[in-house]
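Next come two complexes, and both contain subunit A; in the first it sits with subunit B, in the second with subunit C.
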Partner chain A sequence: MINKYSEFFKMEIKEDLADRSRFILWIISKPISMMINILIWTAIFSNSNSLSIGGFSIGQTINYFLFQAVFGNIIFNNISEKIGAKIYSGELSTSLLKPVNFSISMVSKSLGGRFFSLIYESIPTHAIAMLFFGMQIYNKPAIILSIISLFLGLLINCFFSLSWSLLYFKTLNYMPLERIKRFVIQFISGFYLPLNFFPLALQNVLKFLPFNFLLYEPTKIFLNIYSFKEILGVMLIQIVWIIVLYGTFNFFFKITLKKFEGVGA
Partner chain B sequence: MEIITVKKIKKSFKKYTREQGLWNAIKSLFQREYKLVEAIRNISFSVEKGEILGYLGPNGAGKSTVIKILTGILYPDSGSIEIMGYVPFDDREKYVQNIGVVMGQKSTLSWSLPAIDSFYLTQAIYQISKKDFEKNLNELTELLEVKEISKTLVRNLSLGERMKCEFINCILHNPKIIFLDEPTIGLDVVAKEKIRNFIKKINKERGTTVILTTHDIDDVEALCHRIILIDKGIHVYEGSLESLKKKFVSYKDLTVEFEKKVKEIKLDNCEVLMHKEFKAKIRVNALKVNPTNVIKKLIDKYPIVDINVDDESVESIIKKIYLSKNDK
Partner chain C sequence: MNKYIDVLVRHILMDFSEFFSHKQATFFQFFADFFEFFLQPLLLYFIYNISSGFQGWEINEMFFLIATARISLSLAGSSVLGIVFSNLWRLKSGNFHQVLLKPFNTIIYMIIGSFNAYWIMDITSGFLLLIYSIIKLKIQITLLGTLSYFYLIFISLLCYYGIAGILMNFFFKNPRSENILDIFWTASRFSNYPLNIFPNVIKFILTFIFPIALSSYYPASYFLSKSADYSLIIVFSIIGLAFAIIGSYAIKDGVKNHVSFGG
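After this line comes the complex of A and B, so read on.
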């Protein structure tokens, strides 16, 4: 059983390895975006009267964004985009011909790609962030726990994307929906702004949604804000969300397939 | 033994239509007209184990839809299907373990990797034991002569090379039934020949049941034990190629060579297609006269060196069936 899906995991890594130039370009582009973020937030803090925004000091804020730049990419995946393309080209038919669980095979591929990116994207950028941008590590176990939590966040994002992609069965033009999904997720998962910068009412609403468990909560684990017990609590909620979204996807996937028309030749 | 039983399946699609023009394009944003297209109307058939069945039909006849329903991709609106004890669309995951599918227009191989990597993925997802896998892979690569090819990136392969790899990828797990949707489309003569021999061999040696859709009549003549013709969602003919010929052949062509110059040929119920001094081509209306009688008469009347008899081509018979159904 596991052997079946580990091959998808490996397959994605092999496909990533086929593209050598991407690795180099990634290393070059990362410091630029890190620097811009640091400049923006130093400017904001130097123009504000208070020493902290939303409870974050300047040091914490900068570390927040450095963590996003180094490890944040773990949770982002292109599952829904891939499914959209498969529906559009008719390639979904060939995926359905394989004796595997569709969602788990897609998620295994994603896990493979992201796990590999941890090695070839995150570790080099982490070195750059430490050497040139003064990234701080508050607590060594916390960084490992935060990465584990990020992978749980990736699973939440995978199953959410799978569920969202069922909408693409209704329309051949999936790109606008894909863009909406991407932007909204980046916004309410804390990629652009830490969520505690938002109005309290919005923060309270977001507590009942899975998205702050993608990036925001794992980053807080990294910033050493939580006690060990609280960290376990965060991970438990993450696991609950994974199960809920997995169930949601499977329920609607069955219904959707009944209406699937198998476009393309 | 029946391996596939299909009873009264139906499937219709909703299609959106509009008149041409910019105004109608804008109007269609707010108001859409849908047309219900019946892709398949009441189809029943069965397939015996070890059979090669040709599933033919013009474009848009419903062939691909039937194949997709049989392979568990689509749900039929009504009717029942049983294949090897499975209901394809309900037991999809378990069922597809036992079938192989090659679609001429779609790839199951990973584009950016060598084909061999895709073969190993197949090994893992079908859980083929290492011994079986290696034996099978060696046999197949030798049969199709792709030993070297399987190590180059799939995107760099020619169509013929890629199709051979697709075949290997679909047969590695020893499926009991293989579905081939236009497997020889776009291939050259040599590659076609190779693929045909391969299908024949697999069918003979492994007893694999083959369902084949194609537009190439040569494929049918070389391979199929039985054919089904489908048009507009219903079966219009089911039976062997020979009985199709017997039933629908309306003429035979005689190519005659004369010893001396012949000025005029006169025969009842015949049409002279071509007449040169020493050679003639005559079409005999087989519905009205027995062609053997015509040949006898020819020999009696004219000084003949050689006679060649050709049947009406299967292609034109099938064309006739399609056209006659469309008239109704």
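After this line comes the complex of A and C, so read on.
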């Protein structure tokens, strides 16, 4: 059973390895992104009378963005985009005929891609961030726990993306909705701005959604803000969200498939 | 000249016709564009809510700056910079020779053919934010400031043309390396922030080497009367001209070495 899906995992790594230029360009573009964030936040803090903004010191804020730049790519996947393309071309029917669980096979591929990303993109960029941008590691176990939490975040995102892709069965032209999904997730997962910089009312609403467990909470684990007990609490909530989103997807997927014509656009 | 206008008009009509042929998709596209664009002012609003923001720039001035950056980029995207987006797939699939076979000047045809209706939404949202910020700022609009503003946006188009030429030259030789565009998009983020917050080396790079500041910071500074040194406009004109020459040369060189195998 696991063997079957591990092949999807390996297949994605092999596909990613075929395009080595992506890895080199990542190493060039990420430091630019890190530098922009450092300069922006240094400017904002130097113009501020307070030593902390939204409860974060300048060091924590810079480390927050460095962590996002280095490891943030782990949680992002293109499952819904791939499904959208399959629906559009009519290829989905062929995929559904294969003797594997469709959603698990998609998630396995995504995990493979993100594992590749961790090894080939995050680790070299981490070295750059530490050497040139002064990225701090507050606590060694915290970085391992934050990466585990990021992979749980990835699973949340995978099952959310699967659920979101059900909309593409109705619209066929999936790209605009895919863009909306990407921006919404980046916005409310704390990719652009830590969520504690958001207005309090919005923060209270976001607490009841799964998105702050994608990136924001794992980054807080990295910043050593949580105790070990609190970290376990975060991971437990992440597991609950994975189960809820997987169940939601399966329920609606069965209903959607009954009406699916499979002809594409 | 008439034949180019004719081609441009036909291309625009075809593009709009295609754009509005899928009404549902167009609606979602509009929504996605608006959402994407207004995300940044929203983030700025959050930042200014909890801090003093950037030195010497109040929030509505920042809105004006990012609106300018968006207008310049989207104007370039639907014209000079669009050369890259519309021809990259031709290079990848080995179909670029179709452009060369047309009885037109290659560069002019490439610019005309790069019009894309999808950028209209970006231009519109940019102007909406621009108008909003002008109303909120209650500034006195001067003729000199306004002329400088639009002239510098035109100069920034020349600079974008130069960048597009350099990118195209690279793609002619490496049609599969489209990921290099990520570096361009990442670096273009600089245009959303005032130049005075960056160190001198970065200021120099963003003015002379990768002159993205000409597309936002400098036009906004003249319009908002933050800069009164109009002699700099001559320097910016020279930069724009230099980039236009480099861009043309880079495209010609790329076309000369083009082997049409695809990627």
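Everything below uses one rule, namely that the second predicted complex is superposed on the first by the 263 of 265 C-alpha atoms of A that agree within 3 Å, B and C clash if a C-alpha of one lies under 4 Å from a C-alpha of the other, contacts with A are read in each partner's own complex, and residues count from 1 in each chain.
As a working rule, a contact is a pair of C-beta atoms (placed from the backbone, for glycine too) under 8 Å apart; a residue touches a chain by one contact, two chains touch by 3 or more.
Fair warning: this is a prediction, and the values are worked out from it, not measured in the lab.
Peer 1: Applying the touch criterion given at the start, work out whether A:Phe191 contacts subunit B, subunit C, both or neither, answering first, second, both or neither.
Peer 2: neither
Peer 1: Which holds for A:Ile53: it touches subunit B only (first), subunit C only (second), both, or neither?
Peer 2: Touch partner of A:Ile53: subunit C, not subunit B.
Peer 1: Mind telling me which of the two, subunit B or subunit C, contacts the most residues of subunit A?
Peer 2: Comparing subunit B with subunit C, the partner touching more subunit A residues is C.
Peer 1: Tell me which partner A:Ser33 touches in the superposition: subunit B (first), subunit C (second), both or neither.
Peer 2: second
Peer 1: Quick check on the superposed pair: does A:Phe222 touch subunit B, subunit C, both, or neither? Answer first, second, both or neither.
Peer 2: Neither subunit B nor subunit C is touched by A:Phe222.
Peer 1: Of the partners subunit B and subunit C, which touch A:Phe65 in the superposed model: first, second, both, neither?
Peer 2: After superposing on A, A:Phe65 lies clear of both subunit B and subunit C.
Peer 1: Kindly list the residues of subunit A that each of subunit B and subunit C touches, one partner per complex.
Peer 2: Looking at subunit A, the two contact sets intersect at 19.
Peer 1: Within the complex, which stretch of subunit B touches subunit A?
Peer 2: 13, 64-65, 68, 71-75, 89, 92-94, 96-97, 99, 101, 103, 105-108, 110, 112-113, 117, 120-121, 123-127, 153, 181
Peer 1: Report the residues of subunit A in contact with subunit B in the complex, numbered from low to high.
Peer 2: 3-4, 6-8, 11, 14-15, 18-19, 90-91, 93-94, 96-101, 105, 257-258, 260-262, 264-265
Peer 1: Going by the contact rule set out above, which residues of subunit C touch subunit A in the complex?
Peer 2: It is residues 22, 24-25, 28-29, 31-32, 35-36, 39, 43, 46-47, 49-55, 176-177, 179-180, 182-183, 186-187, 189-190, 193, 197-199, 202 of subunit C that touch subunit A.
Peer 1: Across the complex, what residues on subunit A touch subunit C?
Peer 2: 19, 21-22, 25-26, 28-29, 32-33, 36, 39-40, 43-50, 53-54, 171, 173, 175-177, 179-180, 183-184, 187, 192-193, 197-199
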